[in-house]
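Chain IDs A, B and C follow the sequence of writing; residue 1 opens each chain.
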Amino acid sequence: MAPMLEAWANVIVSGLIIGGIYAVVAVGLNLQYGLMRILNVAHGEFLMVGAYLTFWGTTLIGTSPHLLMPAVFVVLAVTGFALHAVLFRPLARVAPNPEVFEARGLIVSFGLMFIVQNAALLAWDADLRGGQGSLEAVRLGTLVVNGDKLLACAIALAVGGAMILWLRLTLVGKAVRALMQSPVGATLVGIDVRVLHPLVFGVGLGLAGLAGALISTFYTISPSIGQPYTVTALIVITLGGFGSVSGSLIGGVLLGVIEAVGVELTSPSLKMLLSYLVFVAVLIARPNGLFAR
Amino acid sequence: MTAPSQGLVAERVTVRFGGLTAVSNVSLWIRPGELVGLIGPNGAGKTTFFNILSGTIAPTSGTLRIDGREFAGRRPDHFARAGIARTFQTPRVFGPMTVAENVRFGRAFAGRRADHNPQVPGEVDDLLAFVGLRDDAEVEAAAITPARQRLLEIAMALSTRPRLLLLDEVAAGLTEAEVQRMAELIRRCRDELGLAVVWIEHAVGVIMRAVERVIVLHHGELIADGPPGEVVRDAAVVEAYLGAPMEVAP
Amino acid sequence: MMRAYAPVAVAGVAAALLPGLGSPYVLSLTLTCLMYVALATSWSMFSGATGYISFGTAAFFGLGAYVCAWTLDWLPWPVVILGGAALAAAFAAGTGGMILHLRGTYFAVLTFGLAELVRHAMTYGEKQYAGTVGRMLTEVPSDLVVYYTVLALAVAAVAIAVAVRRSRFGLALAGIGADEQRAETLGVPTRRIKIAGFTLAAAVAGGIGAAMAVRWTYIEPLAVFNPFIGLQTVLIAMIGGAGSIAGPVVAAILFSLIAEYLRLQFPYAYMIALGLLLILSMLYLPNGLAGLWRRAGRVNR
């Protein structure tokens, strides 16, 4: 009985840890969609870029990946700010209505996905890199946990918590939340949407880069790792509800546990099938998220 | 009174949105050929009630019979084919299509039925002439003025050749003269086409002069139902809506 | 109106005569063109008209391909094609009832998820019941038979699109695209119409999948359910102008030609160019090529 329990505890804990990372993978995308109705399917590609920046940074400069993370965040946030100004603002200007903007924005981000992924392939070829990790395994009671993953999860949850605080306590954050509720709300708060949109798009990309940096500390990376994470982010958002940051945190952890338990009960080859099953089922039955009223 | 079999009968209809009861326990009977006004303060549940009568939303509870057949919970296209047509508070015309194409649309679907109202013309031209939009026939619907879009909405509703017409604030934002013409048009819908009409409007004076029966909703409840002359003196209506009793020209 | 179809008709005749004139290479290139003509045209017929953007074409294509893999040995070729179309259509009709109440991005994302779900389910199912993931095709019909089959399907797809556009069914689809709820209150049984349109588009993709399957000698889920098939279909239709018929046809031909030349030599550069093209067309040519020549026509008049 006891070994059995312990095995399950191991499964759940590893699910929780990877779920914490999933949460931060999804938060940025969800902010962007919730605020601007831009479903940036290139999200995973920017995650991949963040992973590479971290890898090259640590390899070339020789610092710890964790020290590089703020820089990775900033680089991608600035990129996001610029991309919004160059692509999405003009798109919003010419679109006759929000529905059309949403459709075109989706197509534009597919374009971005192609560009970033293949530019990465050109620049860095398809080889697998990194992934050796640097920390010792950690003992939690009788459980043994991968130290790098545990630290990554801790950082991810701290970042998620910081995002929630940012949205709740700062004026800009409150404006974002007001705008997610209703588009007219923002003008009431007195915040200029022309600044807010690029800013949040940048934060979204920065978070993607950060997630990539975290992942690069314990998994090998290649230019094609991005796309599956876009899918992961979509599943998490579906679980937690479009536009809800705390929903994404819960959704990420939930997906991590569902995957871990599901795979334990069936077989590892079923992981993707299982993820998509959850995704499709939730979208069909509860399109506003599991926790919607 | 035995259960009427002609017209539209709503019984104890209730709609809830989460904790909010938008329409509460409303029962009424719209008889064929009646011209009815529906008034009430903002948020009283008027549009929501129209949404139920046209199948756009299903009531949380209650029954809805059209000519004796139960319709609650059916899709809007069933209501349209059963002879119920509506307009929307903010005009919803097919912007990229021409005015004529907009009218042809309804004619091609609900208006095709054999048991439609034979008094409503079947020709698109005649319908456009009836509402006064013939000159705009080939113009893109998005390009005509909002006032004309309201007329187009009515023409689209008529194109389904209905027996009951539900009009949601079709006179809002019109000039004095346009309102008079609108009231006239609505009367002609009843007199010449034999339609029953329910007309929502905030301009109480206009409604009271135009219709022969007034229904008042307040907080989702039906607080009055009767001839204009009686309703304007009803204590509950005065308190909830009018503020002071008003006189209605006979 | 008729003038717009003239280039399409000319292209069709040219394609029919091609096997007598062109080299096998040209033939195989044309085959790719025809495949995307059929996919993009049938996609536009439903998704372009209604605005229900589906990334699920790969699912229908793959199901058709698997019907071919399962039945090629014991069924006549035309039945195999019809079988592919039928399975894809049945799948679309079954799932359509469940997913077509969602609009916009939700629907788009859901169709993508559904296609991936089918791919993984097929991988798993084949491993369970056949023991291997892929299947070998041994006795395949001649290149010429395949060519004319795909040509026939492409012609059928365009003919269906034209016929639908002129029908009450097409009017209903356009109404759903303009304002679904309004269309419903005017008597359009939107649910049934959407399912029918989705199913019809799926049938064409399923038929194409069955016919194209024999081009691979080894059928496996990753190849025939490749999400890129669905993606490329959407892109071609959007760049051509999803509201038109000639637009996607022209875009499909252009695309296949560019793809053929660039993809083999510079695969990464090709994808980057594709991405740029997409972005530029959304920014500067939002109604596609069709919008461009419509605008040109207006200037000329």
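Note that in this section contacts are C-beta pairs under 8 Å (C-beta built on N, C-alpha and C of every residue); 3 or more make two chains touch, one makes a residue touch a chain.
In this text the structure is predicted, and so the values were computed from the model without any measurement.
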item	value
Chain-level touch network, classified as line, ring, star, complete or other	line
Centrality ranking, top chain (CA atoms only)	C
Longest centre-to-centre distance from chain C, chain (CA-based)	B
Gap in Å, rounded to a whole number, between the CA centres of chain C and chain A	32
Separation of mean Cα positions, chain C and chain B [Å, integer]	43
Distance between the centres, which are taken as Cα means, of chain B and chain A, whole angstrom	49
Numbers and ranges of chain B residues touching at least 2 other chains	none
Residue ranges of chain C touching chain A (in the complex, touch as defined)	51, 53, 98-99, 102, 104-106, 108-110, 113-114, 116-117, 120-121, 123-124, 127, 231, 234-235, 238, 267-269, 271-272, 274-279, 282-283, 286
Parts of chain B lying in touch with chain C, wherever the complex brings them together	54-56, 75-77, 79-81, 85-86, 88, 92-97, 105-106, 108-113, 156, 159-160
For the chain C and chain B complex, residues of the former touching the latter	168, 171-172, 174-175, 178-179, 181-191
Complex contact set, residues of chain A against chain C	33, 37, 39, 87, 90-91, 94-95, 99-100, 102-104, 106-108, 110-115, 117-119, 121-122, 231, 234, 238, 269-270, 272-273, 276-277, 279-280, 283-284, 287
